[in-house]
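Think of it as A, B, C and D in the order they're written, each chain with its own count starting at 1.
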Amino acid sequence: MLIVLPLIGTLLCFLLPRQVKALGLMTALAIAASAVALLWQLLQQGAMRYSVGGWGAPLGIDLYADGLSLLMLLITATVGLAISIYANAAFKLDKLVHFWPLWLLLWTALNALFLSADLFNLYVSLELLGLSAVALVALAGGSAALGAAMRYLLVSLLGSMLYLLGLALLYHSFASVDIAILAQRMESTPAVWAAMALMTVGLLLKTALFPLHFWLPPAHANAPAAVSALLSALVVKGSFYILLRLWLEVFPLSHAAPGQLLGLLGAAAILWGGVQALRQTRLKMLIAYSTVSQLGYLFIAFPLATTMAWKGAMYLLLSHALAKSAMFLAAGNLLLFGGHDRITQLDRVAQRLPLTLAAFALAGVSIIGLPISGGFIGKWLLLTAAMQSGEWGWAVVMILGSLLAAAYIFKVIGYAFTQAEVTHEACEVSKTMGATAFVLALAAIVLGLIAPWLLALMDIAEPFAMSSAALNAGAAA
Amino acid sequence: MTLLQWAFDGLLGITLIWLAWRTLASADLFKAIVLFIAFGLLMSLAWVRLNAPDIALAEAAIGAGLTGALLLVALARLNVVAAQTGDIESNTKQISAPEDSARTTAVVGQGVSNKHNLFQYFLVLMLSAVAAGLAYAVLSLPSEAPGLSRDVAENLNVSGVSNPVTAVLLNFRGYDTLLEMAVLLLALLGVWSLNRLPEQYESSPGLVLDMLSRLLVPLLLLVAGYLLWVGSRAPGGAFQAGSVLAAAGVLLLLAGWRPAARFLGWPLRFALIIGLAVFVSVALLMMLPGGQLLQLPPAFAGALILLIETAATLSIGVTLAALFYGSRPRSEQIPPHHTGSGGENE
Amino acid sequence: MNNAYLYALTGIVLFTLGLYALIIYSHLLRKILAINIMASGVFLQLVALSTRARPLLDAVPHAMVITGIVVAVSATALALALMLRLRDASGSAELIEESTE
Amino acid sequence: MSMTEFLTLLLLIAGAFFYIAGTVGLLRFPDIYSRLHALTKADNLGLGLIIVGLALQADSLTVIFKLILIWLLVLLASASVAHMVARSAQQKGIKPWTR
């Protein structure tokens, strides 16, 4: 249902362009409702496997839902709903006519991606995701946005090609593209190693891990605010999710060296992204580099590879999705308000747009990882995991990253309170747009308060168990 | 395997590589595209050699034909803009993109800076290593592997069709195809959302092209119908038929034909989405009697597949032709503050 | 022994050639061509290796490639439209290294 | 070797010869018009010979019909395309080659 609903919405929006606002919103609500329904089902029965067409793997395609995919779907529904409301307020009708079908297709792709247990199906979903994201970036118009979209498109296609080549090797090694079956048949052959390298690099390109992040800041910064929020919060997470699935289930994780490499790149991303963010003069560029930095954290879990580390990364991912979308929406409001997003010229917006700035600040709290926020729980789990493994290096990097985050966020907030030298006419920003940003930011904080419940959800079908077991076996041997 | 076959395969492989290289390295973009089309045609020869006639058809029609047409029309539009914006100085050499020649010679030719050169050597070295690694990985695979052929063969009789490729595309892995139709629609949505493309360059179709299209279009329609119908038993199917349909559309568009404005409102939209719509409805209907999503009961599977394929063919054909046309047709544009206009609801 | 490996290796060479051109050339039309050649290489490898199932026919990779071809043409169409639009907006069909302000 | 097989072989070889002649012409002739001439005329004849050669081997009338259809279509396409290429060359002001 989760996949078909947005598709139907797309078709309706395409067929009846005048009613897009209402139709789109209805679809969004329906998707959110069915995500909750899935939550209910999973709570009752545990992990679910569903064979499309009734064939079952390896011949057919299986869908699979466990705690991991459930959380991704829920976060997508939450952020998606908020962005839908925001977009309806922010775009004019002539843009909305294009926005809604594209966005619903993107939503289709995300839901399909989080539910699929079939690698080739994931490839098609990835293409759907990438192309719709590119089209959405290009919606902004202007040469900067178009250039960014083009770069994004090429990178995305390159990533897909690498992924597909890896997939071909896997299929020809094991005669299946189903994740569960591959996991059973897995063995360590040259073809598997090549496939692992190809698919990992392809997905890293799409996830924008340092040093493959070059395309991300321009694309995220030049897109319309609602789209930037989508990209940073959800789209990059899509390819990360596949990567996580692959490393957790398909590829034997007891090989430590590649994991270490990913961790090192993640650490570099944290620092590099943080420093770059601090250097930016435009608000949206700053937020985009902050995404590069925050994505780095997710990869710290790979060398640690304990259940706690995975959960920490997952938690961070969720809270980042909420906080970063709130931040981009807030930045969009500021941009609309002042007509620019130069940080040094944020002219007393604190007084004039209190709700938006509050949203930005709250989101900042979560990004930095201050206590009670969702970001805090995630970082805490990761830190603890690092210390338990006795790997202090990772912990130091994480703390440095947080300090950098604090620096760049306070820089923005500081300018927001002071009067700029150049005063300017302010444009009206609708209440809805401030409120949605604020609600998202608030949700990022609330995420910290409901931690036990969420962590329990993650345990449905124990998606992280396998890797830890593999690691323990490795340690015992 | 006879020696002759080996020689043929070897020659074909080398020619493919050579053509690919010439495509990518030739200084003239027009030449590059023509070479790319030739490359596509040889690819379909390779598909035939690999016992994959379905792909050969798809490659010849979509990979070489339509992609080539898309590339050529894009190049023509690039040059129209070049002529309009006035940087004609290097455009005297007929159809080569002006800004390209300078850069390519800088890369290929003599004027390469040392640093650039070093990077290139490094890249060649790296990529050779990658290729060698991949080749090793491929060669390490066992020389015989049934893949999923047995599963496909066992279930073929309940799939409703007897062409295994169609069975996989529309029954076993129909869900992939569903999403793929969405990708196709998405591409059109994306192209349309970019909207302000350069003006269609006006070509004078001429008598011969006009005659040709009059002769060929009915024939193409016939071929499309045949491919669709035969797809259940022999090579063919919705994608091949759809692209032949699109070829007819492209020919008509080239000959200067434009659909009447009243067809451009919702009839066009309807044609564009009907494939996906029918697919989704069938998928959902199958859940009613308690089946799984997209579970086609063997008794009706053949008919249902034909239904889906027919709708899909129409949509694919129209979508591809619309992609070729590029910008959103005129009468479609909805003025932002003027919601009551257009042929939307009449 | 059959021609599976021959075509699979051809596919790999095509893939690498395309990758090289994608990185080296700056004109977008060329980059789009390069991506298409890469895709052909991947498809060739995917199907060539499936002929190892002879005398049976493994139709699954065939279907995958047909899906892939359609996806590729969609991506190409979008890329070309984007290129034209970019050319319109910036006057160049190449990607310019953007300065960080 | 039976008579038909021998005839097929002969026709195929003759067809291939015309193809080669056409290709040589395409590569060696001095200007676009004479190249078109070499390409379309020689290749059409070559294709015709090959089609006849193959038709001798066909099992049924349908196959022969399809083969002839192929030939007709190629004739139509190559004639039209040659015309269009030549016309656009003329419109661009390319003069025919004279010694």
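Following the convention adopted for this analysis, a contact is a pair of C-beta atoms (placed from the backbone, for glycine too) under 8 Å apart; a residue touches a chain by one contact, two chains touch by 3 or more.
All values reported here derive from a predicted model rather than from experimental measurement.
Trainee: Out of every possible chain pairing, name the one holding the most C-beta contact pairs.
Mentor: By number of C-beta pairs in contact, the leading chain pair is B-C.
Trainee: Measure off the straight-line distance from the CA centroid of chain C to the CA centroid of chain D, and report it in whole Å.
Mentor: 32
Trainee: Cα centroid separation between chain B and chain D, in whole Å?
Mentor: Once rounded, the distance between the two centres reads 28 Å.
Trainee: Please report how many Å separate the Cα centroid of chain B from that of chain C, as a whole number.
Mentor: Here the centre of chain C sits 12 Å away from the centre of chain B.
Trainee: Taking each residue of chain A in turn, which ones touch at least two of the other chains?
Mentor: If we look for residues of chain A contacting two or more partner chains, we find 59, 120, 124, 127, 131, 134-135, 138, 165, 171-172.
Trainee: Find every residue in chain D that makes contact with two or more other chains and list them.
Mentor: none
Trainee: Taking each residue of chain C in turn, which ones touch at least two of the other chains?
Mentor: 15, 19, 45, 49-50, 52, 60-61, 64, 67, 71, 74-75, 78, 82-83, 85 - these are the residues of chain C that touch more than one other chain.
Trainee: All pairs of touching chains, please: list them by chain label.
Mentor: Those chain pairs satisfying the definition are A-B, A-C, B-C, B-D.
Trainee: For a test of understanding, state which residues of chain C touch chain B in their complex under the given definition.
Mentor: Result: residues 1-10, 12-21, 23-27, 29-30, 32-34, 36-37, 40, 43-45, 47-54, 56-67, 69-78, 80-85, 87-88, 91-94 of chain C touch chain B.
Trainee: Of all residues in chain B, which touch chain C in the complex?
Mentor: 1, 5-6, 9-10, 13, 16-17, 20-21, 23-25, 29, 32-33, 36, 39-40, 43, 46-47, 49-52, 54-55, 58-59, 62-63, 66-67, 70-71, 74-75, 77-78, 81, 85, 97, 99-100, 103-104, 107, 120, 123-124, 127-128, 130-131, 134-135, 138-139, 141-150, 152-153, 164-165, 167-169, 172-173, 176-177, 180, 183-184, 186-188, 190-191, 194, 196-198, 239, 316, 320, 323, 326
Trainee: Residues of chain B touching chain D in their complex?
Mentor: 94, 206, 208-209, 211-212, 215-216, 219
Trainee: What residues of chain A sit close enough to touch chain B in their complex?
Mentor: The touching residues are 4, 7-8, 10-11, 14-18, 50-55, 58-61, 92-94, 97-98, 101-102, 105, 108-109, 112, 120-121, 124-125, 127-128, 131-132, 134-135, 138-139, 165, 169, 171-173, 175-176, 189-191, 193-195.
Trainee: In the complex of these two chains, what residues of chain C are touching chain A?
Mentor: Per the stated touch rule, the residues are 15, 19, 22, 28, 31, 35, 38-39, 42, 45-46, 49-50, 52, 60-61, 64, 67-68, 71, 74-75, 78-79, 82-83, 85-86, 89-90, 95-96, 98, 100-101.
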